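In order of appearance the chains are A, B and C, and numbering begins at 1 in each one.
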């Protein structure tokens, strides 16, 4: 064939903010990127809380969104496990186990992902609903966009996952 | 090319009955439909409870399925959040936040989906297991079908999501 | 066309160990296999616990992984429901309801899957993290592999699901 092969694409919808769901998002994203797959992570709903800057404190624009940010801090330091959370002991143990196995931390996986060209797109509707500002989120993310952007890139992707 | 481009397809498996999972199902389905994507939503397991008619009361055919329907009412009015449910305060807050942001209600999203040609297929095995009758579910859904139908349409779809 | 049609492929990432998530994994996998789809199930994170041999007892290589195996036994006999678990009454009821509807048990679905050529690949990173050995898992699974194997087969698949 004379045509140049088009790059393969993967789109991950990162819906959850839990440690045990953010790990697969980042491991699959970085692994795919290492295979020269063009990876887009559309970060929506609870997922956006995981991409808040650590130590950002209370965010939101009214008492409800402020209360939500108080109860669910967000940032990679404060993530819970979806199972076996045991009041924070679960995530502590999981991080310890992962460290012993030389599994990279979430922060270093995010760094690797960004350096490999993985695009993290914050969901505009979620930002509006949770009263999150661009500066509440980690550096290196793309401009916020809507579901139509997610559909657009998903239609061109060989791999689609909702995580 | 002389061939007419075939329409793109998306298949969503709606497995969960929670407010925060039904929202992405409906937002992604309606957005894709607005892009002329042929969307099928295969509604299975807990997901089917979200598509019960509101105020349908106790359903089921034996004490176990009746008890299940009592403990998990179903219908868009009664959905919980998968996280931060806080005894019903979470869903109440979420609906309030969404209303303030002009996010459509679940009922209006379902209406838009149906009008855009999104097909909602109830899972036959789930209906049998939960003792749900066709008239327990909202109007406008397709005839119940099995997993083979889901596989069939999924194989032809550019986008597949399990939500 | 003179070309022989290539077999279709489906890749399921089985991330969860709950009864109500393992069921869709196995029903979708066996149904797809019955359609001559080549099915790969990449079993990762909590999912691997569901594929421990029943009655395997405490597994793990240090106090943390041993404690995890004590609190979350694994094996098809011990799976919880993600919702309505009610201290074990939920899974008991669900199994009873399924039996009345002639839904096959998990064990027989696994057997059918293996006989239909479904490949179950244990995630190496999870095995290391949880201190699981090959002999802790059910017979018939493939050799453990990493995320790159999952990406590899997912890129060739018409259907990808993260469950």
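Simple rule for what comes next: a contact is a pair of C-beta atoms (placed from the backbone, for glycine too) under 8 Å apart; a residue touches a chain by one contact, two chains touch by 3 or more.
Quantities reported herein were computed from a predicted structural model and do not represent experimental measurements.
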Self-contact between copies chain A and chain C, residue sets same or different by half: different
Degree value of the rotation bringing chain A onto chain B, based on Cα positions, nearest 5: 120
Distance from chain C to chain A - Cα centre to Cα centre, in angstrom: 25
Of all residues in chain B, the ones touching two or more other chains: 160-162
Interfacial residue positions of chain C with respect to chain B in the complex: 8, 10, 20, 23-24, 27-28, 31-32, 34-35, 37, 83-84, 93, 96-98, 100-101, 103, 158-163
Chain B residues within the chain C interface of the complex: 13, 15, 44-46, 62, 64-65, 67-68, 71-72, 125, 128-130, 146-148, 150-152, 154-155, 157, 160-162
